[in-house]
Amino acid sequence: MQTRGPSIWERMLSIDRRILYLLLFANIVLFLLLPIRMRAAVSPPVQKFYDEIEKLQPGDLVMISSNWSASTLAENQPQLEAVIRHLMRKKAKFTLISVEAQSRDISYRLASRLTPEGGYEYGRDWAHFGFVTNLIVSIKGMVNNLPDTIKKDVRGTPVSELPLLKGITSLRQYKMIIDVTPSATVPFWISYAPKETKILYCPTSVMAAEAYTFLDSGQIKGMITGAKGAQEYEQLLGIVGLGTRFVNAISFSHVLIILFIFLGNLALFMNRRQMRQEG
Amino acid sequence: METLWLSGLAQYQHAADNWFAAILIAVIATTVLVSIAIARSGASLYIRRIPGLDAIDEAIGRSTEMGRPVTMIPGMTAFGVVAVQALTIFKYITKQIARFATPMRLLTGDATVYAVAQEAIQDAYNEAGRPDLYDPDAIRFLSDRQFAFASGVAGLIQRERVAANFMFGEFFAESLIFAETGNIVGAIQVAGTISFTQVPFFVAACDYTIIGDEFYATSAYLSREPVLLGSLVGQDIAKLLFVLIAITGAVLTSIFGADAPVVKLLGQPGGWDAFFGGGQ
Amino acid sequence: MDLQQFLPLSLDRINVWIGVLCTLAIYSLLYRENPLYRFFEHMYIGLAAGYSLGPLGVDILYRYWITPIWVQGQWAWAFLVPFGMYLYFIYSERYGWVSRLVIGALVGTSAGLFFQEFASRYVVQLHSTLSRPLWMSSANPEADLFGVITNWVFIIILVSVLVYFTFSYPQKGVVKNVATAGRWFLMIGLGAIFGNTVMARMALLIGRIYYLLSDWLMIRI
Amino acid sequence: MWQIQNPNTPTGQLILWMIVLGAFIMIMGLVPLLHALPPRGRRAIIVIITFITGLFFAIEFFLPINKEQKNFLTDAIQPAQQAVQVITALALALGTYGLVRLHLRNVVQQRAQWGYSLVLLISFVMMATFSITNTLSEQGLVEKTPLLEQGFKLLFDYTLVQLDAAMFSLIAFYIFSAAYRAFRIRSVEAGILMFTAIVVMIGVVPLGATISPYLPGVANWILTSLNAPVQRAIEFGVGIGGLAMAIRLWLSLERGVT
């Protein structure tokens, strides 16, 4: 019996996965270094997000719920940075809260680093409420009695003594809630936040598709989808941030994946046909 | 109030903000409880056989022809409602393959599920009349770390060249590693999960995927547990009620406009204030 | 590139190099499972678990339990933590069931809170669905042809997917066709999730490679 | 009645310590008593506790409200949230306790690969120390020394954060290899799914807008007009299922789990 080496299709199907890994790595390095900048078509949810923040008046209070840890840093950090920068342009005051332990420190450090840019001072213009274990009851508590529910900020100051929360007794006095998150926290805000506040959403891309039903019903007023959405937002703000730096590599990693889904199907198809021909 | 609604700001603090919601909750809760009571009283409730079950049977059939082992993976599912229902399905599969003495492996990433699974699989072999086939070593707790567990599963699937791979429960990012390895060894794969973010990977890589509520229906169909059956029937009625309200409401909106009192009754804040008194 | 600045000679650079070492050790798994990866994986689990004690201890226990008792004198809170400690009986074979008293309280809480979630999350979506005009008329002056068609598409897809997820009657004839269409429509939603998931995962890897290039190799991007 | 008069005097502190100690002894003393109950009695207590905690939030939601948007239970929400926070924290710490217990046992009994367990325990202890002192120092309760600041920065920013980010970026590699080796267009369903995914993947990134100005619009139309109703149907299914499960769990009807 004549033995034959594996056909090209067979060899393609049994390619070592490590070669694929290297290919992806090289693709990303290449397109990260690529100096061209493509302009995005700003998607409607991002535009709505931008417009909502544009409507804020100086001194308006915004709650940022930051629930991401380092694992989704590449998606959520560009979002949070862009949002804080925009809030500072509008001179809106903000407070942060985290239901994710790591995010307590990550978001506190990030805000501490960014706020001097806008001349923001802790306590006067922004504050961090720290970590809570159960967001639902925290929201319910804040609606009914905010100072008693939060008690103290991360620096140990009773929140009723913070200048920016002077006269604030309830979450109802906030204008807006912005949820920056990789997990299912936005339903908590949708379900338990007071009706006086608008909800804006910065999910990782994984969760964006599911949120379109909330955008349709108006339960969410705007959405920034992952790092890609952050790039669109940076374009609207006219700044170059992480999103803008990442977006070429995102585009072309998609091209690579689509190409390989096609190749994989082709190789399988050709291989089957060959085997059938050979009986 | 209307302007608030039109801008989409409608998170409710109390039932008084929207009595329609309270009425709907009461109706659905009653329906579910009544159906459970009917199921418990011994009446046999009908649940249709979903196509996913045929896919399971077909996979079992083909794996017995090959004589290679079958893997069952509840993944990292923590012990709870979902894990118990996944085990119901695994019990069914075990009973079927016991007739042909096909070997099985159950791989879990949760210690509590591991303990319960041992009991369940032993039961399955006893019920199939083949207690001799039960091998405690076939049920394995590999690791509670996501990727350590995934690589353990991948290694086993490749070493034993499994014939069929069943994945039921809750899955996270590791799902695609299982599906990919199963695909490489040419296993017939059926997955069932309530984790919608992982369903696409299963659809792309498995022969059949049982999606969302179908998962609960499968286990209720197989276990005939009255509470599950009754609840499922109650949920069905609620879903049809939602369909009915959506269609009737859309027709009413088309005829009378979105601000007509009759449309307001169907869930607009303050729609029922004339009857009950409102929130503000 | 200035070698002096690149090498781990200052405190800041040492930190960056440690971060890179961590990343590369984790990536060594891609070649094969190895002791270095295991070492760093266990370190990761240990660090993550240890870290959580800070926020748990200070932000929760100190803020919500210690301060109210010892600073404000609200003595009744004293009973809370011992009751919560019942949870830790879960590892006891004899008294394990006691932990279910606390679990029961947590389960009851989330069940009781769900009614509000049902009202604000789902009923609002129901109302948003039914307030879509299906034809143009004087009752809905702002409805246009495209909007009306979109509304039909919306309701048809919604209904067929919901019908697909019903189980308590035999699906035959028209209903079966509707349900099959429902499964196909479902695939559109799942495809959207799929595309977005790929994007998310790629972004995470890109973020990591960006760190290697910009922070470690000091390339301006 | 719920508050003692002068908590910050030595006498006040002593009284509070006595109360806490007494509470601890009392609650723990209840365990043998509870254990003496027959299985049916134990179950009854669990069922009652589950029911009452659920009832509190349910009544607060359903009862009519006054002009200040409150009913007689609304003011009790604040202390209730305080209690839930603390209990949830203890539940979260339970996972940590289980982990440490397991690896401590590995080390003590020198089980296979106990060296890795030791690594885990050492990093746990170090990080716990730095994390707690760092959080306390932010609140001004302990002094912020350079050693503390540097140590926490090293452990948190340059080790934990890096490991966490690296661990999850692995999935990108897996997706790529799975896309090539397992994602087959084997049916109409898989075909629809892949087609949608590809249009979305290209349409939403700037490359799509560069290829054709219509692509982003098409992708957005798919997401808002075709994807949104699907997601809403899923939401309805999940919501109704969630309500049914909430009722089953609240009334302790679910078998095999509780």
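We just call them A, B, C and D in the order they show up, numbering each chain from 1.
One rule holds in what follows: a contact is a pair of C-beta atoms (placed from the backbone, for glycine too) under 8 Å apart; a residue touches a chain by one contact, two chains touch by 3 or more.
This is a predicted model, so every value here is computed, not measured.
K.L.:
Name the chain whose C-alpha centroid is farthest from the C-alpha centroid of chain B.
P.N.:
If we average the C-alpha coordinates per chain, A ends up farthest from chain B.
K.L.:
Which chain, with its centre taken as the mean C-alpha position, is closest to the global C-alpha centre?
P.N.:
Central by C-alpha mean position: chain C.
K.L.:
Per the definition of touch at the top, where is the C-beta contact count highest among chain pairs?
P.N.:
C-D
K.L.:
Provide the C-alpha centroid distance between chain B and chain D, rounded to the nearest whole angstrom.
P.N.:
22
K.L.:
Where the CA atoms of chain A average out and where those of chain B average out, how many Å apart are those spots?
P.N.:
29
K.L.:
Round to the nearest whole Å and give the separation of the Cα centres of chain A and chain C.
P.N.:
12
K.L.:
In chain D, which residues are in touch with two or more of the other chains?
P.N.:
Where chain D meets two or more other chains at a single residue, that happens at 61-62, 82, 84-85, 88-89, 92, 139, 156-157, 160-162, 164-165, 167-173, 175, 177, 179, 181-184, 189-190, 193-194, 197-198, 200-201, 204-205, 223, 227-229, 231-232, 234-237, 240, 243, 247.
K.L.:
Among the residues of chain A, which are close enough to touch at least two other chains?
P.N.:
Residue numbers touching two or more other chains: 21, 24, 71-74, 102, 105, 132-133, 137, 140, 152, 154, 190-192, 206-207, 209-210, 212-213, 216-219, 225, 228, 250, 253-254, 257.
K.L.:
Two or more other chains in contact with one residue: find those residues in chain C.
P.N.:
Residues 29-30, 41, 45, 48, 51-52, 54-56, 59-60, 64, 109-110, 113, 115-121, 124-129, 155, 158-159, 162, 165, 186-187, 189-199, 201-202, 204-205, 207-208.
K.L.:
Which residues, counting only chain D, touch chain B once they are in their complex?
P.N.:
60-65, 67, 69, 71, 167-168, 170-171, 174-175, 177-178, 181-184, 186, 189-190, 193-194, 197, 234, 236-238, 240-241, 243-245, 247-248, 253-257
K.L.:
Mind pulling up the chain B residues that touch chain A in the complex?
P.N.:
Those residues of chain B that touch chain A are 4, 7-13, 17, 196-197, 269.
K.L.:
Quick check on the complex: what are the chain C residues that touch chain B?
P.N.:
29, 33, 41, 45, 115-116, 118-120, 123-124, 126-135, 137, 139-140, 151, 155, 158-159, 162-163, 165-171, 186-187, 190-191, 193-194, 197, 201
K.L.:
Per the contact definition, I'd like the list of chain C residues that touch chain A in the complex.
P.N.:
Chain C residues touching chain A: 30-31, 48, 51-52, 54-56, 59-60, 63-64, 67, 109-110, 113, 116-117, 120-121, 124-125, 127-129, 189, 192-193, 195-200, 202-210, 213, 219, 221.
K.L.:
Looking at the complex, which residues from chain A come into contact with chain B?
P.N.:
My answer: residues 143, 189-199, 206-207, 210, 217-219, 221.
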